[in-house]
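Next, two complexes with chain A in common: one pairs it with chain B, the other with chain C.
Moving on to the complex of A and B:
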């Protein structure tokens, strides 16, 4: 983490792009909602806030692949493999640790930009308009949102790790990452999955993509305790599956590694 | 000693124009050869660009199926604007591939190698490189065009006539931002911000931006001239506005050229030993 704090300037570009994206999409949504107040169960405020939250994993946790893949290809991986700790978990601590700061900054920036553009996040539909019960629900929403973002980070890491480790077989493995990234973009990042045609949405929930950005964004804009539990549980399940996938790829890939000199 | 006026683009216009056309053609051919040398890389980059564009096309398809139009654009408008911007942007980086490196070259004091050659420095620097992935962008526009409006010859000709001034405006604007390196040293932040602005604003419907932003889109971030106006011309098949776009492109090129040459007077060499290979 402290490594990232040392060079704050490096991250300014991402922060700028994120703000620009949020601004443009807030305009696109304003255009889309010009003749209607609701699309697929989302109001305009929900759609803009959805985008603000859904982009956080892309900006905060979207680039593990590049550093992991570079380490594999440059042979840097050899130093880590010889050490007495788990390769996947070591990288997990290092890469995710660093990106948490960035995701946190993007979250704060998103809240500020969103507030300036469209006002407070959509209120939680509740039979208790004010008082303790609604305060408890707000706290629960924030708690679930943070847990869901962390799970999205972990899922992003394990999936990207599995893709990066294809470098054990292929020198040019970027294409796999691009395909992964674009699916993640269309399925739940740019647009809520409720907007997709019914058939596509039904298939999408069985893939890991909605759990990379849809889950936290949905929790933020349409919170109910039951749905939040279900989303977080499915995210956790996918994290376990992705970890298992990464382990399998590592086990069969690392056998092929030959280290030349040192 | 060759007098600097003899090398200028504006002295003896016709003869120089011919010579520069030959020079640009030669630079272009060398760049094409360089691209083909790295075939796997080329195919990968090409594939990546297509995929990226396809993802956004999917987004628009889903959204516009729900709402019909956004900011006055339907699905075919959005696709055509992507086609125009993509091909113009691609063409700019195929022909003037060094445009994004210009700031770094100036900052590092690496212009010397171009200063010594008997061609206009600005043109020489910009045209001495090509960007591999730009071919993907360039081709994408034509693929979308074929899918949206068919391969009717007049539309194809009009599309091509529109992306040339678009490419010139892209290159001139990016070069101008990078030329700021003469005055402020590190212009990376300004030029990457301008690139982001120009691309992002160009790819979304003009109607979603308020009046306060519009003036900017027809001046310092000229998305209007590479995207919105060409789309209107293309839609109406109105050739009369095409020369106007070339005139506007000429103004942008001239301003960018002037800014570079004004800055060049302040240039200090980094005394680096560079070789162009």
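Moving on to the complex of A and C:
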């Protein structure tokens, strides 16, 4: 974390781009919702807030691949292997730990921009003024949202780690990340998966992509305890599977490490 | 006890050959042309605990690759290694607890953090007890004179300051073996001298086995007691620094300056440099006795000055590096080592 905050100015670019994206999408949804109040169960407020939350993992946790891949290609990985730690978990602590600050800043910015553009998030708005029951529910929603965002971060990290480690075999592996990014964007980041054609949505839930951004965004805009538990449990399962994948790729790839020269 | 054993250790890299010609790039996608590069060809040596060994060789000789195999970072293609009784490939994580490394061209400290934070982080990574870590850190800070830099981000340190911090950090977990890969690269003379002193001191105080690669003869002469020279992936020389220096002693550089111009050519020995009053000669003491050369020079006229210098060790090693194969280098090394009976009769003029 200390490394990440060495240059606070680095956050400015992400914050500006994020605010711009949110503004543009709020206008896109304003156009899409002209003449209708609901699309696939989402009101316009829900759709805008969905985008605000769904973009947080992309901005906060979306760039592990580049640093990991750079370490692989530059040969820095050889020096990182010379220490008594688990390579995957060490990088997890370093990369995800560092990203938490960025994700936290984007979350706070998202809440502020969302409030300025479209008002309070849907559930709070509908139950305002807040009573004790709704307060308890809102607290649960916030708790699930944070857990879900952290799981999204972990899933993002392990999947990007697995993709970055293909550099053990391939000189050029950016195409894999490009494909991964596009799937992640379409399946749950730009739009909720309920907006996808029914067949595509049914297939999507069996892939890891909805758990990178759909899960926390869904928890934020259409919270129910049962669905939140289900989404978080599925996210946790995908995290375990992605961790196993990263471990297998590392175990196999590190044996093929080829670093020439000093 | 043996700290490091390399037994016919070899590494072959497979690289893709860049295709040329029409559609060759597309063809290479399906049928890539691969080339095997033998970086290290079955090197064997043993290093005892506490030894200070220089591991030398020209660029591309296989030094760094050998170090990486000894640390378990690279898997050998052939042969085996043991470091502190462990198999580096199989026991890499366990071995890294007892082995330190400094790579002059790569920073192992966290670039944006001050060394004090890196030391704390390393303490956690190596699971050093907090009190022990503080004690050890204080000792290293004093020994390496790091107090002024401990709270400055690494990115703001000069190269010399950073390397000092790197070496101190590598000694934090009290490693039994320290691998140093060109630790003084890019440093000025003063910084180099300081680093050499600190390394020699570290080896003496901590009884650390030092395995050093460097292109700088000063590093090797000041720090190491033994030299292993690797060339074309093979060990071509493995002997004490004392023996290696003896190879250099075979050649002497004799410089003379006369009060008046004289004939500077000696029979069988021409000056390598000359002016009207001065000259310098490269004397192979296996062919000419030094005493006879001096006598012959003195007999030419009134000497104002005479100097006799050893051939720099660097020249001997450069000659070995210039050979085209491992076998040639070995042959050259042993030839350089032989002392022939001198025949100085031509000098009596």
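Rule of thumb we're sticking to: the second predicted complex is superposed on the first by the 251 of 262 C-alpha atoms of A that agree within 3 Å, B and C clash if a C-alpha of one lies under 4 Å from a C-alpha of the other, contacts with A are read in each partner's own complex, and residues count from 1 in each chain.
What we mean here is this: contacts are C-beta pairs under 8 Å (C-beta built on N, C-alpha and C of every residue); 3 or more make two chains touch, one makes a residue touch a chain.
Note that the coordinates shown come from a computational prediction; the quantities given were computed from them, not determined experimentally.
Peer 1: Looking at the combined model built on chain A, do chain B and chain C fit side by side or clash?
Peer 2: Here the two partners, once superposed via chain A, fit next to each other without clashing.
Peer 1: Can you pull out the angle centred on chain A between the C-alpha centres of chain B and chain C, to the nearest 10°?
Peer 2: 80
Peer 1: More residues of chain A are touched by which chain, chain B or chain C?
Peer 2: B
Peer 1: For A:255, is the partner it touches chain B (first), chain C (second), both, or none of the two (neither)?
Peer 2: The second partner, chain C, only.
Peer 1: For A:28, using the defined touch cut-off, is the partner it touches chain B, chain C, both, or neither? Pick first, second, both or neither.
Peer 2: In the superposed model, A:28 contacts chain B only, not chain C.
Peer 1: Per the contact definition in the header, classify A:79: touching chain B only (first), chain C only (second), both, or neither.
Peer 2: Touch status of A:79: second partner only.
Peer 1: Let me test your reading of the model: by the given contact rule, A:17 touches which partner, first (chain B), second (chain C), both or neither?
Peer 2: first
Peer 1: So if I take every C-alpha atom in chain B and every one in chain C after superposing, what is the smallest distance between them in Å?
Peer 2: For chain B and chain C in the superposition, the minimum C-alpha gap reads 8 Å.
Peer 1: Pick out the shared contact residues on chain A: the ones touching chain B in one complex and chain C in the other.
Peer 2: On chain A, no residue contacts both chain B in one structure and chain C in the other.
Peer 1: Could you pull out which chain A residues touch chain B in their complex?
Peer 2: Against chain B, chain A makes touches at 12-13, 16-17, 20-21, 24, 27-28, 30-36, 39-40, 172, 174-175, 178-179, 182, 185-186, 190-191, 195-197.
Peer 1: What residues on chain B touch chain A, complex-wise?
Peer 2: Going through chain B, the ones touching chain A are 40-41, 44, 47-48, 51-52, 54-56, 58-59, 62-63, 65-67, 70-71, 189, 192-193, 196-197, 200-201, 204-205, 207-210.
Peer 1: So in the complex, which bits of chain C are touching chain A?
Peer 2: Listed in rising order, the residues of chain C that touch chain A are 13-14, 16, 39, 59-60, 63-65, 68, 71-75, 92-94, 96-97, 99, 101, 103-106, 108, 110-113, 117, 125-127, 153, 181-182, 213.
Peer 1: Enumerate the contact residues on chain A facing chain C in the complex.
Peer 2: 2-3, 6-7, 76, 78-79, 81-86, 90, 171, 255, 257-262
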